[in-house]
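Each of the next two complexes has chain A plus one more chain, namely chain B in the first and chain C in the second.
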Partner chain A sequence: MTARVKASGQPTARPGLGARLAEATTGRQALGRLLHNRMALLGLIIIVVYVVLAAFPSILTQHDPNVQNLARTLEPPSAEYRLGTDEFGRDVLSRVLHGARLSFTIAGLAVILGGLSGFAIGLLAGYFGGAVDTVLMRLMDVLLAMPGILLAIAVIAALGAGIGNVIIAIGIYNIPQFARLTRSTVLGVKTQDFVLASRSIGSSAPEILVRHIIPNAWGAPFVFAMLRFSTAILTASGLSFLGLGVSPPTPEWGAMLAASRGYMRLAPHLVLAYGLAISTLVLGFNALGEGLRDVFDPRTAR
Partner chain B sequence: MARLLEVRDLTTCFHTPEGVVHAVNGVSFDLAEGETLGIVGESGSGKTVSMLSLLRLIPEPPGRIVRGQALFQGKDLLKLDREAIQKMRGSQVGFVFQDPMTSLNPLMRIGEQLSEPMLKHLRLTPRQARNRSLELLKLVGIPGAAHRLDDYPHQFSGGMRQRVMIAMALSCEPKILIADEPTTALDVTIQAQVVALVKDLRRRLGMAVIWITHDLGVLAGLAHRVVVMYAGSIVEQAPVRQLYKDPRHPYTLGLLGALPRVDGQHAERLANIAGRPPDLLKPIIHCPFAPRCRFAIARCWETNPALLPVSDAHQSACWVLGGTGEPFGETQVD
Partner chain C sequence: MLRVILSRLLQAIPVLFGVSLIVFLLLRLVPGDPVSTFYGFDVGRVEDLQAMRHQLGLDRPMLVQYVDFLADAIQGDMGTSIKTRRPVATELVRYLTNTAQLAVAGMIFAVVGGILLGLIAAARRNSIWDNLSLAISLAGISLPIFWLGLMLVWIFAVQLSLLPSGGRGDWHNLILPAITLAAPSVAVIARVTRASLMEVINQDFVRTAYSKGLSEAFVLLRHVLPNGLLPVITVTGIQFGYLLAGTVLTETVFAWPGLGRYLVDAIKFRDYPVVQGGVLVIALIFVTINLVVDVLYFLIDPRLHSEAAK
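Right, the complex of A and B next:
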């Protein structure tokens, strides 16, 4: 690109929307623009810090999250227990970090499950239209008709509690959101001239989907996935808070928040630690998602 | 010249919430090997839809090819199964579209897009296809072709992109090249280059060309024969010289009158055709041009004229000017 500008010595014409998208997704410009966006940068830093600490909790604490020390319960933060201890004398910091691990796993797998299924459904509905569209999207409407958390509770009620089922529940309630977004994106892409041009050289539907539709349609659902990550973390915590998610000894943020509620006056640092852990990570994902949207959306580009 | 394509009674309509749009109404024409056929008409006259219908490229639904046949080397394109028609597209019939800015996938390198039809129809290996893509880029006159294969479409100008589209349409050496207003989105100088390029390639590769346009001026030096379409029907067809010298349909007269001329023979103000094209939602019993026609007689409002022979190769669908009567010269237009 730069080489060509230098060679011709002339500024290039202002490229169209698709071209600018291509530029943003191919070049290093996308990363550059992302790093120039303060919100996105903040989000990225928060997430990176969380990921590193969740992967290597020993950086901050040597305590096992599940070892109880009943002689030292509900202690405020100290040099040994940097965030204090909980009602069973376990290290709160260690539990927060191991909780992050769990939250990343649940939210990650749930968003991947819901995102990929929703993307596939939206792709088929949008591209083929007609009866395929009607049947698939009415199914999605049924799922959308129920509030998300209620749908997740219903799935848990049917499947039983447990990490795997929490992932499935959150994944399912993400499907229609992704399906709708993908469908609308695909509807826009499939009427583009290059799709007709590809049909005119004899491409079949699967070839067009793989070579033309998917590469031009995954951007928006991808950004959306970042935003859904935070919702998934919240929902997972919410389910555990209600006692429907992960069962007690496992360090899960929502479950721990629920348990520490009873000691709010005696040991406020517990609620604060778990609550802040959840909200900071959610803030991080939201900030990154917003930033990504700005980077990918040519209308907000300079 | 042997007959390559024979289209009979092609009729296409679109089912919209407002009703059925009769976009193409019984279009029939022939195309000989190596011939260039021009199709003119204003926007919405059915030029593009009839060409897309030939290869069944119209979106179905809402579109539907109601009846007709399109015999290509003895096979009816409209009756082929999906796989067979996909084999025809690109390999036997190449398409070039109006807007080169949107006809290329912005996320695919030029070389990849050019290779696509050859990988499919000629079963070349990726390396062979790449070599041939390079040849094709040279053939259509893209400077520094070797360095441009890995460029993205946004790095090309409009004229260069249209050359790439032409290269792509020609990659499998089709028998017919259908060019749908390929120069409309380009500057006049680039237009002339593209026209010259297609003329040159036609001579070298010996293919037939169908050139869709709304500009009769472009066709004068390019086409052998011209078909004039109005409201989804052919209203006149003739060899190009005869059409200019002796137009036999008031709509053709109107189009010729609306052409700007450099020699200043016409008044400074270009003539226009009063009124607007008919609403294709309603079936038309009378001559579709009658409401805008200054020659219209009572008969025009009663029945729609079929194509009547003027001479051997010249037909016109007009009760007044058609038929083998007195020639209606240009002098009488003004």
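Right, the complex of A and C next:
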């Protein structure tokens, strides 16, 4: 036992993430600590601002994101067009905000799709073990053999571009991460006394899974889902930047960035606006993630 | 020892087998035919299409095509590109050389920059340096690398005319793409280095070293860094895979004639053999790197030896 603990480089006295989670006995306590963490607070504020603006773009601009005005193309920011106009005379601010809406939709659906599939796979692999575990986890290893955005690109290669396929591609790309995390959580839960007790009175596997395992295993994957948003947003805009995702004239950040490349000398405000839009939102999610880690894993705390 | 290495090797084989099967199936089961794409809409003669399908072997049963594909791939034959009609393997090697150049340059930036940032942050915990290192790290994982690349081009090529904006040439052409490619990995390596070194810095032998009157730089470089490097090596190995994936975006921004750009073009053209070969080669490299990191980890950490002996 001692040798094993030493080998993993974790001294015995320090509680892991699970223990810290258990220590923050109520969700309210955890939330309270999260709000006291400056990093997490910064992230939360950024995300909330984006959500509100994406939901109600009319707060900042009355222009339609798709209406062209060829008499007024590539204008720098002004009182009427606060972030200027693009190569077709469309309002950049409006396109940025509608792009936020699209990014939230794509990332949200992709994380839900990948999260639920991965959760189910991890649940089955972890609970049943044996051959089920081997087959499912080898399959996950295969998906993990294509690093980063490459797996999403491979899926797009088969399905073709488009919003729906981007969601599927990023969803698939998220499955192995969720499956691994869920599996390791389930392995911890299934040997606990209440599960063994339930099994000993003859409960069926579906009953144990639904009544005992799932309620005790969804927490970590749920927090992890929050952290996956930043990668999902980056991957989606990356695919569109490559011309393998959402194509113009849909106001998608990566696609708009690719289109405005050619005007970098004439109208640098375009590249600046779209790039800052992506960066700030992703920064928000990453700051929230960093804060979450500090709250639940004080070893690396500042 | 040899057993550990061998078992890792054996684990990698089914993974690669699975990747080849998935890549093969993905591209065959989906509607959209490379032959009609190649001819476009102006040539409508069905016999021509059939003849070309036959020539490419696309009219054979799926299983036969797969076994054939696999047998050829093992011998280093990845088929012929539908677009250029040249052997895929030859083209892949040419593009891979360019990508490797970029990836290695990026990795050097990532490792040096990451360890340096992490070391400074750990040595001056909670100081302005620590916060600066954190800010750079957060920016590194938050800025999309395709945008970072564009901004670097705008500043150093368009505004200052210091460096070329893209293409291949001498080492000047390598600087901006390598920095762009390295940015997310610098961030991750810096964070892991900081966390790992901070555990070491609080240990007794470090205090002993200081009490002997050794200089801080000496203690950090000779005592702290070597003892905190294990997690850094692991994460660096993983980052190399992500760096490879990142070349797809970086090469597009900087018009770098590498594997990633070649792959994206092939996807748009539905050039099946190239897409299959490209994905397979990248997966092979990624799996190999993970293997090497595993073995390296085992060699460096003597504590794992006694584990394996049991």
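As a working rule, the second predicted complex is superposed on the first by the 264 of 302 C-alpha atoms of A that agree within 3 Å, B and C clash if a C-alpha of one lies under 4 Å from a C-alpha of the other, contacts with A are read in each partner's own complex, and residues count from 1 in each chain.
Methods note: a contact is a pair of C-beta atoms (placed from the backbone, for glycine too) under 8 Å apart; a residue touches a chain by one contact, two chains touch by 3 or more.
These numbers come from a predicted model, not from an experiment.
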### Task
Answer with first, second, both or neither: which of chain B and chain C does A:286 touch in the superposed model?
second
### Message
Going by the contact rule set out at the top, does A:264 touch chain B (first), chain C (second), both, or neither?
### Response
second
### Query
When the two structures are overlaid on chain A, which partner does A:211 contact: first (chain B), second (chain C), both, or neither?
first
### Query
Comparing chain C with chain B, which touches more residues belonging to chain A?
C
### Task
Kindly classify A:58 by the partners it touches after superposition: chain B alone (first), chain C alone (second), both, or neither?
neither
### Query
Of the partners chain B and chain C, which touch A:196 in the superposed model: first, second, both, neither?
first
### Query
Does the superposition put A:134 against chain B (first), chain C (second), both, or neither?
neither
### Task
Considering only the touch criterion stated at the top, classify A:154 as touching first (chain B), second (chain C), both, or neither.
second
### Query
Residues on chain A in contact with chain B in one complex and with chain C in the other?
4
### Query
Residues of chain A touching chain C in their complex?
3-4, 6-7, 9, 138-139, 141-142, 145-150, 153-160, 230, 234, 237-238, 241-244, 254, 257, 261, 264-265, 268, 271, 274-275, 278-279, 282-283, 286-287, 290, 299-300, 302
### Task
Going by the contact rule at the top, pick out the chain A residues touching chain B in the complex.
1, 4, 12-13, 15-16, 18-23, 25-26, 130, 192-194, 196-204, 211-212, 215-216
### Query
Where on chain B is chain A touching in the complex?
55, 57, 61, 86-91, 94-95, 97, 99, 101-108, 116-117, 120-121, 151-155, 157, 165, 168-169
### Query
Can you list the chain C residues touching chain A in their complex?
11, 14-16, 18-19, 22-23, 26-27, 29-30, 32, 125-126, 130, 134, 138-139, 141-144, 146-147, 150-151, 153-154, 158, 194-195, 198-199, 230-231, 241-242, 244-246, 248-249, 252, 263-264, 267-268, 275, 279, 282-283, 286-287, 301, 303-304, 306-307, 310
